[in-house]
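Following this line, the structures themselves.
Paired with subunit B in one complex and with subunit C in the other, subunit A is shared by the two complexes that follow.
Showing the complex of A and B:
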C-alpha cells in the first residue's frame, strides 16, 4: 500500500488521526482499491469511528493489492498522531507506505533492514527528510452494522452551534442527555458522584433548551431521549469544528446507537484533492431504556436489553450469538441502566442511583465537614498578664478604616465587651472567635489550664485550635 | 424560604467569584434583604479569611427574599461551580435569573440564562449550582476575627506588579514579612538560609483615618510596622485581582495580621479619593500572622 498525502491536506489528515486518537488507543487501517479507511473504537466498545479518504484525496494512491483483496492492519494511535503533530507547514511531500519483509523473519535472523513496518516519510525543504517506521499488526477490521436508513429521526446542525451547547458543561461532566421533541431540543449534563447528599460538593448541572429552527435540517417524528457519553461526543464535535463541516445525526430510540456523520461538502472550485474531502461516520452507544426492544441487526444480536456491541466482525459472527465476554466494566454498568424507569429520565439525571455508575466515582471531599460545624472554636483561655497588649480590640469588619463605609456586618455590641476582655488577655497573633452562647468547653473552670505557657506548640492544651471536623460534629450535634 | 432575583450585573458577580476562586474550594453565602455577603474561611485560627459584602442593588433587580429568620438565607456552595455557571452568562445574555429551588429534593441555586443563538432564536440555559443550606445556628458560629487597632493604612501599588514579584519570591521561603510606614513606603521581604530578598515600594498613598480612640503615635512616621505572614496566603490574596486591582487598601497590624480592603465601586478610578465614593461593596481579606 502506498499513499501520498498532498502537503496542503496534511492538516486534514492530522485532524482525522487526532479524532481517532482521542476515541481509542489503536487505529485500524483498511486499504481498498478506491479508498483508504481509518477506523477506531474506544475501549468499552461503545464508540466507533470511521473516516474514509477517497483515492482522489491523495496525490498518488495505490492499495497494492489485487482488486478484491484488502490490506488491513492496526497501529498505535499515539505514535501515528505524534508524527503529524508538529511542524507540518514546511513539509513538501508526505508518503505513507507499507514495507514488508523480503523473506519470513526468523527470531534469530539479523535482517533488520527489511521488517514489516508502516513507513511515514516526510520530506522537507533543504532536502531534510524524516522517516518514521511504525510497527503494525495485520488483523481483521470491523464495521458498524447500523444503517442510517433505519433511523427515524435525524437532524443536521452547524458544528459551532453544537459545540456551544456543550461548552457550558462543567469540566467533570461524564454524560449528556439529548431530549428531542418536535418543538424543542434539551441538552443536559450528568456527572457521577454523591448525588444523594444535600452537599455543596455535588457537580454543576446544566440544562440547555434549543429551538429546532437553529438546525439546518430537523426531522424528529416522535420524542426521543438519548443519553450518551460526553467524552466521545466532544471528540466528534471537535473534529467537526476543525473541519468546519456540519454535523448530521441519525437516531431512532433510546438504546439504539446514535449515528453521526461529518462530511464537508465538496468544493467544486478548489483544486482536485479538495474535491474529495474525507467523510467521517461515528456510532455512539446510548443508554438503553427499559421499555424499548433491543436493536436487531443482520449480523450481531446483542443480549436482551443492553446496548453492547455496535460492531460486527464480518465473517465470524453468527446470529444469536451473545456479545463478546470481554466487554469492559463500562458496558456492564450501561446494561444496569435498563433498571431505570422512563419516568425518572424526564427529569435531570441527578436521580441516577450512584451505585449504577462506575466504581471510581468521586468521593465527596469533606469540605463541608470543615465548615461550619467546626467553626466557632471555643473561647480561648486567658494567659498570664505579662503578655497583655493594651490596645482595644475590634471585630474585623468594624475596625476604623479611612473613610470606609460604616459597619458592614451585624453588630451585637453586648458581645463586644466580653470579647474585648478575652482578647486583652490572649496572646497576640491568635485569631479569636466568640460564640453567642457558652459551649461545653468554655464551661470548664478557667483555672485548669497551665499558666505561663507561652509555647504555641501546645495549642491543643489551650483548647484554642478546634479539633478535627469529625470530632466537632459529634460534640455539637 | 424564597429567593428569586434578576441579575443585572452578572459581570461584577463573576469577577467577584473569580477573585475568590483561588482561595478555597467552597464558600458561604449570606443573603439579606439589602446585602449579599460572601465568606470564605480556610482555617479558623491560622488561615486566610475573606469577609465581603456587596449591596444588592449593584448586582440585582427585582430582588425578592423571604425566610423565617429575618429574611436572611445562608448557604454553602462550591466556588468553581458558581464560577462556571456565571461564566455562561458572558457573551450577551438577554436575561439572567437567579433563584433558590430544589431539584430532586436537593437545594440548588438555579441560574437561568436566556440568550440568543447565532440564528437569532432564543436559547435558554439553566445552570444548577448545588448548595447546602446552613441553619442560623451554624451561621452564628461563624464570626469575624477580633482585631486590635490598625497601625498603618495605605493604598496598595498595582496588584499585578506585586503579584508577579511575590510569585517569584514564593519559592524562597514560607514566610513573608510585609512592612510599611506612614510615609508611603512598603517592603516585602522573604529570607531563607541562602538569600534574603526585599522589594521596596515607594511613593504609595498613605491614608489618615480619624480615630477618636487613644491612638498613640508611638512611632515616627518613617518607622516600619511589620507583620510576618504565610507566603502562600499572601500569594493567594494577590491572585484575586479580578475585581478592583487599583482600589485596594492595606492595613498592617504589627505582629498580628495584614488586612486588605478591596472596594468595589464603579470600575476605573483609583486612589484615596475613590474610597469616599459610594462603593457598592467591599471584600476584606484577613491574613493572620504565621505562628511558627
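Showing the complex of A and C:
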C-alpha cells in the first residue's frame, strides 16, 4: 500500500487521525483499490468511527493489492497522531507506505529484524527528511451493520452550531440526552455520579433548547429521546467543527444507535484541489429505553441483536471485536430519566429541590447502584414499588463472571489457597489478592527480635523527599 | 554603586570580584547546565567556566567571558598564593595536576546559585517589575543612583575570597539589596572526557531550530539515539528505535541547514537518549549548534547562545554507548 498525502491536505488527514485517536486507542487501516479507510472504536465498543479517503484525495494512491483484495492493519493511535501533530506547515511531501520485510533496516551495523512496518515519510524543504517506521499488526477489521435508511428520524445541522450545544457542559458530565420532538430539541448533560456521592442533585446539569429552524434539515416523525456518552459525541463534534462540514444524524428509537455523518461537500476552491474530501461516519450506542425489551443473550431476535451489537465482523469468528451482548454498558442500564410524562418532570430545571430530591432517589439508585447491594453498597433509599428495580445493580450480578477475579495470576490459581470457591465467585474488587513477595508488614519481627534493631524510622527518612527549595533558602540568611 | 559602598562593609581585598549589569544572561547560561545540584566553577583571567558532570558520561560547560561583566577583577598573584598554600597542605596530590596555577577552582551549589540570582524574578519566572519587591522589602533600602540600571533588572556583584570562604552575591533591584552567601566545596578530581585529545573526524554546524525539531521527534521510549554522519547522502541522520517503531531524521548538506560540514570518515555512534536530552535547555536558547565527533566516538555539542549583544558558548560532551557485541577492548582499539 502506498499513499501520498498532498501537503495542503495534511491538516485534514491529521484531524481525521486525531478524531479517531480521541475515540479509541488503535486505528485500523483498510486499504481498498479505490479508497483508504481509517476505522476506530472505543474500548467499551459503544462507539465506532470510520473515515473514508477516496483515492482522489491523495496525490498518488496505490493499494498494492489486486482487485477485491484488501490490506488491513492496526496501528497505535497515539503514535500515528503524534507524527502528524508537529510542524506540518513546512512539509513538502508525505508518503505513507507499507514495508513488508523487504530489506532489513541496518542500524548500528547489525540488521534489525526485517519486520513489517508502516512507514511515514515526511520530506521537508531543503531536503530534510523525517521517517517513522511504526509497528503494525495485520488483523481483521469490522464494520457497522447499521444503515441509515432504516432510521426514521434525521437531521442535519452546521457543525459550529452543534458544537455550541455541548460547549457549555460542565467538565464532569459523562452522558447527555438528546430529546427531539417536532417543535424543539433539548440537549441535556448528565453526570453518572459515583458511589461516594449518591446525591446526584449536587452535580451541575445543563439543559439547552434548540429550535428546529436552526437545522439545515430536520425530520423527526415522532418524539424520541436518546441518551449517549458525551465523550464520543464531543469527539465527533470537534471533528465536524474542524472540518467545517455539516453534521447529519440518523436515529430511530432509544436503544438503537445514533448514526452521524460528517461529509464536507466538494469544495471548488483551490485549497483542496483534489475536491475529494474524506467522508466520516460514526455510530454511537444509545441507552435502551425502559419500555423496549432489554436485549439479552437468550432472545436471539433481530430486534435485540441490533441495538447491542453495533459491530459485525465479516468473518465468523472474531474474539476481539464482537462483544457479548451482556458486556455493553448501555445495553442494560435503564434510562432512569426516560419517564417523560409531563407531570413527572423530576429532572426539569423548574422543579423545586424537594420534588427533585424525591424523584431523584430512584435516579440515584440506578446511577450509583453500581455495587451490588448485598456487598454493602451505598445505603440506597428504598425503591418505590412502582418502579422497576435498579437495572444496573441487577444486571451486574448476571454479568459473565471471569473464572478468577482479576489480579490473580496463574501461579496463584494453582495454589491451594487460591482454589477456594469464595475467591472464584467473588465479584471484582472484593478480593484482596496475596502479593507474591512478603511485604514489610509481614517482615516486621513478631516480637523475637531485639529492640535495638527495630529502627524503622531510618526507612522513612530514606523515602523522604528533600525539602522544597524555598525551605532551603531560609537557611542562608 | 558608590552609595551602596558607603553603608555596606568594605570588602577585603578580594581574589575575585565581578559586577554584572543584568543577571539575566548569567542566569540563562547557568540554567542550561542546571541538571545537577553542584557545579564546578573555574575562575581565570578570561572569565568563568561552570562545569557539571553526570555519571562520568556527560560533561557540560558554560563559558562566561569576562566581557560579559561590567567589571571583572581577578587577582592572579593572590590565586597563585592560595594555590601554593593548598598544594602544600595536600602534599601535592595530583588532583590539580595539569591545571595552570592561576585558575581558582571551587564547587558551588548550582541550584542555590540560580535561586539566589533569580530572587527578584516574579512568579512568572521573569524579572519582576520591581514595584512589589520594593514596597515589601525588608532589606536595606537605598535609592539607586546608578544610571546603568535597567528598569526592573537585577544587578549583581559576585565575589569570592579564596578556598574555604563563601561565595558572595550581592543583588540589587530598584533599591532593594540582598546579600547571599553560598557555601563552597572542595573540588573533586574532575572528569575530563578528553574530547580534544583525539582528532575530530566529523564536524557540522546546524541551525538550532532544526535540531530542536529533531529532538522533539525523538522517541522517548527509546534507550539510545544514534547519530550517523557520512560524506554521502544522507549526510546527517539522527535516529531512535523505540517501542512503537523507529524514527529518523535526515539532513542533507545544503547551506540553509548545515552551515558547515566536514566528514573525514563515515561513522555511526550511539548515545544514551536520557543524557542527550539534558541539553534541551541549551538548545532552546541557542541559535546555532556545532556538532563534533572525534575518533573515539565522543560527541560534542557546542551551542552558541546570544547574550547581551554578544554570544556565549555552552559545551556538552557525551561518551558513546558501546554496543553489547563490541567489547570495550574493541572500542578502544578503534582509536
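One rule holds for everything that comes next: the second predicted complex is superposed on the first by the 275 of 477 C-alpha atoms of A that agree within 3 Å, B and C clash if a C-alpha of one lies under 4 Å from a C-alpha of the other, contacts with A are read in each partner's own complex, and residues count from 1 in each chain.
By definition in this document, contacts are C-beta pairs under 8 Å (C-beta built on N, C-alpha and C of every residue); 3 or more make two chains touch, one makes a residue touch a chain.
In this text, all values refer to a predicted model and were calculated from it rather than measured experimentally.
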Does subunit B (first) or subunit C (second) touch A:243, or do both, or does neither? neither
Going by the contact rule set out at the top, does A:36 touch subunit B (first), subunit C (second), both, or neither? neither
Between subunit B and subunit C, whom does A:135 touch in the aligned arrangement: first, second, both, or neither? second
With both complexes superposed on chain A, which partner does A:79 reach: first (subunit B), second (subunit C), both or neither? second
Once the structures are superposed on A, label A:207 by its partner contacts, choosing first (subunit B), second (subunit C), both or neither. first
For A:126, select first, second, both or neither according to whether it touches subunit B, subunit C, the two together, or no partner. second
For A:5, select first, second, both or neither according to whether it touches subunit B, subunit C, the two together, or no partner. neither
Greater subunit A contact set [subunit C / subunit B]: B
Subunit A - residues contacting subunit C, complex: 76, 79, 86-87, 105, 107-110, 112, 117-118, 126-135, 469, 472-473, 476-477
Write out the stretch or stretches of subunit B touching subunit A in their complex. 25-26, 28, 35, 37, 41, 44-46, 49, 51, 53, 75-78, 80-81, 84-85, 88, 103-104, 106-108, 117-119, 121-134, 138-150, 153, 207-211, 213, 249, 251, 255-257, 259, 261, 272, 275-276, 279, 282, 284, 286, 288-289, 291-292
Which positions of subunit C touch subunit A when the two form their complex? 111-112, 115-116, 180-182, 210, 213, 216-217, 226, 234, 239, 241, 244-252, 254, 256-257, 268, 270, 323, 325
Mind listing the subunit A positions that touch subunit B in their complex? 158, 160-161, 164, 168, 170-171, 195, 197-211, 213-214, 347-348, 350-351, 365, 367-368, 371-377, 389, 391-397, 399-405, 408-409, 419-420, 423, 428-436, 456-457, 464-466
